[in-house]
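For clarity, chains are labelled A, B and C in written order, and residue numbers in each chain start from 1.
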Amino acid sequence: ECGYISLPAPIIRLGDPITVSCIINQNCTSLGPESQIRWKLDTELQPGGRQQHLPNGTLQSTITFPHFNYSRALLSCCLHWGNGLQILDQAELQAGYPPPPPYNLSCLLNLTTNSLKCQWEPGPDTHLSTHFTLKSFKSRGNFQTQEDSIPDCVPEDGQNHCSIPRKHLQLYQNMSIWVQAKNALGTSTSPKLCLVPMDMVKLEPPTLWALEPSPEVAPPQPGCLRLRWETWKPSLHIEQKCELRHQPQRGESSWDLVGALPSRSLQYELCGLLPSTAYTLQMRCTRWPLPGRWSDWSPRLELTTAQQ
Amino acid sequence: ECGYISLPAPIIRLGDPITVSCIINQNCTSLGPESQIRWKLDTELQPGGRQQHLPNGTLQSTITFPHFNYSRALLSCCLHWGNGLQILDQAELQAGYPPPPPYNLSCLLNLTTNSLKCQWEPGPDTHLSTHFTLKSFKSRGNFQTQEDSIPDCVPEDGQNHCSIPRKHLQLYQNMSIWVQAKNALGTSTSPKLCLVPMDMVKLEPPTLWALEPSPEVAPPQPGCLRLRWETWKPSLHIEQKCELRHQPQRGESSWDLVGALPSRSLQYELCGLLPSTAYTLQMRCTRWPLPGRWSDWSPRLELTTAQQ
Amino acid sequence: PLSPASSLPQSFLLKCLEQVRKIQADGAELQERLCATHKLCHPQELVLLGHSLGLPQASLSSCSSQALQLTGCLNQLHGGLVLYQGLLQALAGISPELAPALDILQLDVTDLATNIWLQMEDLRMAPASLPTQGTVPTFTSAFQRRAGGVLVVSQLQSFLELAYRVLRYLAEP
């Protein structure tokens, strides 16, 4: 080789000092006392290289960057030659931060895909390529002792979520989950989440329908509404409780809430409302009495109460 | 096994006759003279099974379908037992046609993807799963002798086109290309296409611009238009000729054509038109004098000729 | 008879009930597809084949309400689920259309078996070692796997019906 750059490390911490040296061999060119090694950072010539002729006839230059503040830079070792500069070697230098611990780790059990989807916050940019891995294991009582390991879940590039497939899950057993972040400068892990997958089930909202007036059934009383609802089909096997909220469409009144409703009703009469008034109704459900998450509110159902 | 169906072939030609037999073993159930084997096609009971007790104590029934006209059917061998039928074996029978030779094979060289995209007509439905493969080889002069083989190009399921990647192509050498169609009942091949990939280049249309009037240049004569154009960037290395067509926007007059124009002009004046009339212009180009395909016509440029 | 659920946590029983309902739904899904795709809709049409396959059955004799014996009942519940886990596993390769439904059913059966076993361990009711799956028939053709699927799922549904009644009885406050 004509010349070569030697770096202490290709990746350093942003702002850290770094000293780099370049050695040029005699077989490259005749190295007289006037030979001058010059450094370039990307395209900028850099002052301050300390040059010395080594006993074995090679020429060495060393340069120090007290606070290296480029997340990525190309360092070139050049030699004055004729009336120009000859580039003899290049090295890519990167700088950034070790990964901060990921945080806000949360998981939801998706009943359609049957997978446990976890997401997290990666924390500030490290300027370096950082890989996240969702790690977990099944454990009995106290979440500490690992029983069966679960294969790592590797998110797609740049994504901060990962889904553990059903075949790796025991839906009713304790599980410890955490995120590991890793780049060239270090590794960090998020706080551990201890959960039972089934308790993380997030239901889709129920569906509300107006009850069509029918000859056999007396019309609703003034200030009353009739409706029916059904929970989301994939959750039929889950015992749930639901909440109904309603408010007049016009005006600023807040929502009124009717709690602890069954997960399915073929006919429900809501009374105590203003007569001949247009109302907006929404419902949400949650797994109950076993733990679960509230679904989102259902799409709005608009009904008008019977006249006085 | 209780009973089993034996088919001469799981796939036959639509309309052909087929004779199927079912043999029931003694260890399945006691086979008295009153035992009766019945056949079902999907869910329909079929008349006409010929039944016989074989010397080894087994019971065999044979049924013939003179013209089997189902592209796919489920054949069940059943036995009267108690007051119902017992299903003892099932076999899936398919019928269709051997693949007709694919036709209308044509190819275009795409300069953006650098691949040779060929497409073809598959011919009438064979009712069977039929696989198409685009086969080709490089050959010297007469397209007959195969020199270098090219890996088969397998289209995505159900697609009737395939793209041979650049790394398998020699753009300026002869190539023989054909399509093979294959299903359970046979194989067929399309007529061979002999081509030189580069001669199949299909250019994207050129781009037309109006020339902005400028102080240094005298305004155009009445009945004249000024414009400029440039060919599609990836084809700049290809010598081309272009055609310009124009017609008044109003009225029914057909297109007028100006042929043999260069592939690039910074300033072109088109005269001999009606003064103060709005015209629509389009241009297309082709590789020339070397062989090539005309590009599509460019998007329309609308210009109005100078007044009298 | 033993007063129900004297030693079984309510949350355990509610989870088991939920799991049984899920497995019943999974089983119904598989039965629907076997009927639609392969015209195998009635187990009664496959009795002869069932005899020749020699499908083992699971008993819940210790769970009858007249003579409920809790440890024996839980053991039989767990043993039956392990048996069906093995039978469902033997159906692997049933057909591409049915494979996803069969996988989910198998996973859910395994989950319930594990829950019962872990609860028995917590209550020191579990036998010294896990029961083995026992001899499972080999299905030698695609038809046998599908017909076997109809028979196995039909038996599983009856088993679950009984199990559900027992669990409900045990969960009564």
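Simple rule for what comes next: a contact is a pair of C-beta atoms (placed from the backbone, for glycine too) under 8 Å apart; a residue touches a chain by one contact, two chains touch by 3 or more.
Bear in mind the structure is a predicted one, so any value in this text is a computation, not a measurement.
Visitor: Can you tell me which chain is nearest the middle of the complex, judged by mean CA position?
Guide: So the chain nearest the centre of the shown protein is A.
Visitor: Specify the chain pair with the maximum number of C-beta contact pairs.
Guide: B-C
Visitor: For chain B and chain C, what's the span in angstrom between their mean Cα positions?
Guide: The separation of the two C-alpha centroids amounts to 50 Å.
Visitor: For chain A and chain C, what's the span in angstrom between their mean Cα positions?
Guide: 39
Visitor: So the centre of each chain is just the mean of its C-alpha atoms; given that, what is the distance between chain A and chain B in Å?
Guide: 43
Visitor: Quick check: what residues of chain A touch more than one other chain, meaning two or more?
Guide: none
Visitor: Where on chain C does chain B make contact in their complex?
Guide: 38-40, 44-49, 51-52, 140-141, 143-144, 146-147
Visitor: In the complex of these two chains, what residues of chain B are touching chain C?
Guide: Listed in rising order, the residues of chain B that touch chain C are 1-2, 4, 27-29, 42-43, 74, 76, 78-79, 81, 84-91.
Visitor: Once bound in the complex, which stretches of chain C touch chain A?
Guide: Against chain A, chain C makes touches at 11, 14-15, 17-19, 21-22, 24-25, 103-104, 107-108, 111, 114-115, 118.
Visitor: Using the touch definition up top, name the residues of chain A that touch chain C in the complex.
Guide: Listed in rising order, the residues of chain A that touch chain C are 114, 140, 166-167, 170-173, 198, 236-239, 289-290.
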